[in-house]
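Order as written gives the chain letters A, B, C and D; numbering starts at 1 within each chain.
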Amino acid sequence: MIRIALISTGGTIEKTYDELSGVLANKVSVLDVMLASLELRGVEIVRAHLMNKDSLEMTPEDHTLIAETATRAARENAGVVIVHGTDRLAVSGERIVELGTPASPIVLTGAMRPYELRSTDALQNLTEALLAVQLLPAGVYVAMHNQVLQFPGVRKDPARGTFVKDGAR
Amino acid sequence: MIRIALISTGGTIEKTYDELSGVLANKVSVLDVMLASLELRGVEIVRAHLMNKDSLEMTPEDHTLIAETATRAARENAGVVIVHGTDRLAVSGERIVELGTPASPIVLTGAMRPYELRSTDALQNLTEALLAVQLLPAGVYVAMHNQVLQFPGVRKDPARGTFVKDGAR
Amino acid sequence: MIRIALISTGGTIEKTYDELSGVLANKVSVLDVMLASLELRGVEIVRAHLMNKDSLEMTPEDHTLIAETATRAARENAGVVIVHGTDRLAVSGERIVELGTPASPIVLTGAMRPYELRSTDALQNLTEALLAVQLLPAGVYVAMHNQVLQFPGVRKDPARGTFVKDGAR
Amino acid sequence: MIRIALISTGGTIEKTYDELSGVLANKVSVLDVMLASLELRGVEIVRAHLMNKDSLEMTPEDHTLIAETATRAARENAGVVIVHGTDRLAVSGERIVELGTPASPIVLTGAMRPYELRSTDALQNLTEALLAVQLLPAGVYVAMHNQVLQFPGVRKDPARGTFVKDGAR
C-alpha cells in the first residue's frame, strides 16, 4: 500500500447543481463520492481539503498556499494528487516547480465537465492521477485525458479543452 | 398506437453543459436522446420544436404561442405533451385553460434537474407525461414527480421544488 | 397523498450481479434503491416483500399467493403495484382477475433488462406503474413500455419483448 | 501521440446482456463504446479483435495465440494493452513472459463487473491500462483497481476479487 495525499481545491470537477438557482457551483466536495465509486487497491489516501474554488477566482496567495501545501505533503507521503480547476491549474503547477523538485511525485488533475454530469471526464482524470502518481518519478505533472505532461512548460489549450506542452501544437 | 404531439419549449430539463463557458444553457434539444432511451410501445410521437427558452425569459407572447399551438395540436392528435421550464409552466397551463377545454388531454412537464446531470428527474417526468396523456380525459394537467394535477389552480412550490394545487399545503 | 401497496415478487427487474459466480440472480431486492432514485410526491408507498423469484420458477401456489395478497391489499389501499418477472406475469394477472374485480386498481410491472444494467427499462416501468395506479379505475393491468393493458387477455410477446392484448398483432 | 495496440480477447469486461435468454455473455465487443466514452489525447489506438471468450473457456492454444500476438504487436507499437477475462489472465501473462521481455510494455486488464452494469470497474481498469502503458518500461503487467503488478508471479485472488503478487497477502 502506497500512501498518497489527495488535496482538493475545487474546480469544475467538483461543481454541484443547485436546484433553486439552477447553476453549477463549488459548494460541497463530491470527491468522496468519486473515490467511493473506484476500486482503490494500490493506495491509501489521505484527504486534505484545502479550498473549494473555481480556479478563475484564485488569488496569488491561493496558488502559493497550494504549492507549499503540496510540497510539504510530498515529503510526508509517497505522492500527492491535487484536484484543481483547469483554468489556473498551470499557475499552481509552475508555482510548485519554483519551490524545487518535490520529494515525491505531485500530479495535478481536473475536469472539463463536472462529475455531476451524466457525461464527464472527472472520474477518468481522477483515476489517471491516482495511478500516475504511483508510477512517475519525483516531479510535477498534470494527468488528464489519458496523457501525462511534466511541468514546467505546460499550459491549457482552451480551444481543444485539454493541456499541452509549450511548443506543442 | 396512439398519436401524441410532443411540443418542446426548453427549460431546465433540456439544458446542456457548455465546456468553454462552464454553464448550463438551453442550446440544443436533448429530448431526442431522452426519447431514444425509453421503450415507447404505446405511442407514436409527433415532435414539434417550438422554442428553447428558460421559462423565466418567456414573454406573454411566448405563453400565448404555446397555448395556441397546444390547443391546435390537441385537435389533430390523441393527446399533447409539452416540455416546459418549471418556473413559468403554470402560466402556460392557465393560458391553455383560458382557450377552453382542449379536444384531447394536454400534459405539461419539466424538470428540476437537467437530463444532463447524473441524478435527474427529467426521464421520470417525461415518462409520466407520456403515460398520463394516454390515461387522462381531455383537460390541462401537469405530470411530474409521480403526481398529476389538473389546471386551473396549479402552481410551483419553489421551496419544495415541485407543483401543488392552490389551497394544498 | 394516495397510499399504494408495492408488492415485490422478484423477476429480471430485481436481479443483481454476483461477482464470484458471474451471473445475474434474484438475491437481494433493489426496489428500495430504485424508489430512492425517484421523486415520489403523489404516493405513500407500503412495501410488501412476498418472494424473490425468477417467475419461470413460480409454482401454481406462488401465483395464487400473489393473487390473494394483491386482492387483499387492494381493499386496504388506494391501489396496488406488483413487481413481477415478465415470463409468468400474465399468469398472476389472470389469477387475480379470477378472484373478481379488485377494490382498487392492481398494476403489474416488470422489466426486460435488470435495473443493475447501465441500459434498463426497470425505472421506466416502475415509474409508469406507480403513476398508472393513481389514474386507472379498479381493475387488473400491466403497465410497461409506455402502455397500459387491462386483464384478462394480456400476454407476453417474447419475440418483441413486451406485452400485447390477445388478438393484437 | 503514442501508438498503442489494443487486443481484445473477451472476458467479463465485454459481456453483454441478452434479453431473450436473460444471461450475460460474450457476444459483441463493447470496447468501442468504452473507448468512445473516454477522452484519449495521448494515444493513437490500433484495435485488434483476437477472440471473444470467457477466459475459463480458453485453451492452451488460445493463451499461446494471445502471447504471440501481443509480443509481435509490442515490436510494432509503443505499447500493448490486452483486455482479458480475469480468471485466466495470469496464464496469458506468464505465457508472454516465457517468450522473453517484449519490445515495449504489455499491460493486461479486465473487470470483475461487466461494463454493461450500472456499477462497474470496467472503465476504471481500461483507463488505468491505457495510461500505465505510456509510463511503464518494457515488461509484462496487469493494471487494475488502481494498482500495477509486474509478471511473473501475479495471480488472481478470487476471494478479494483482484490481483496480487505471489507472496503478498
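The working rule: a contact is a pair of C-beta atoms (placed from the backbone, for glycine too) under 8 Å apart; a residue touches a chain by one contact, two chains touch by 3 or more.
Just so we're clear, the structure is a prediction, and the values are computed from it rather than from any experiment.
Touching chain A and chain D at once is no chain at all. Each chain's centre was taken as the mean of its CA atoms, and the one lying most distant from chain A is C. Chain A and chain C have Cα centroids separated by 46 Å.
With centres set at the average Cα position, the gap from chain C to chain D is 40 Å. For chain C, the set of residues that touch two or more other chains comprises 112, 119. The full set of touching chain pairs reads A-B, A-D, B-C, C-D. Remark: chain C residues 12, 15, 17, 19-20, 22-24, 54, 112-120, 158, 161 touch chain D in the complex. Contacts from chain A toward chain D in the complex involve residues 37-43, 112, 119, 121, 123-124, 127-128, 130-132, 134-136, 143-148, 162.
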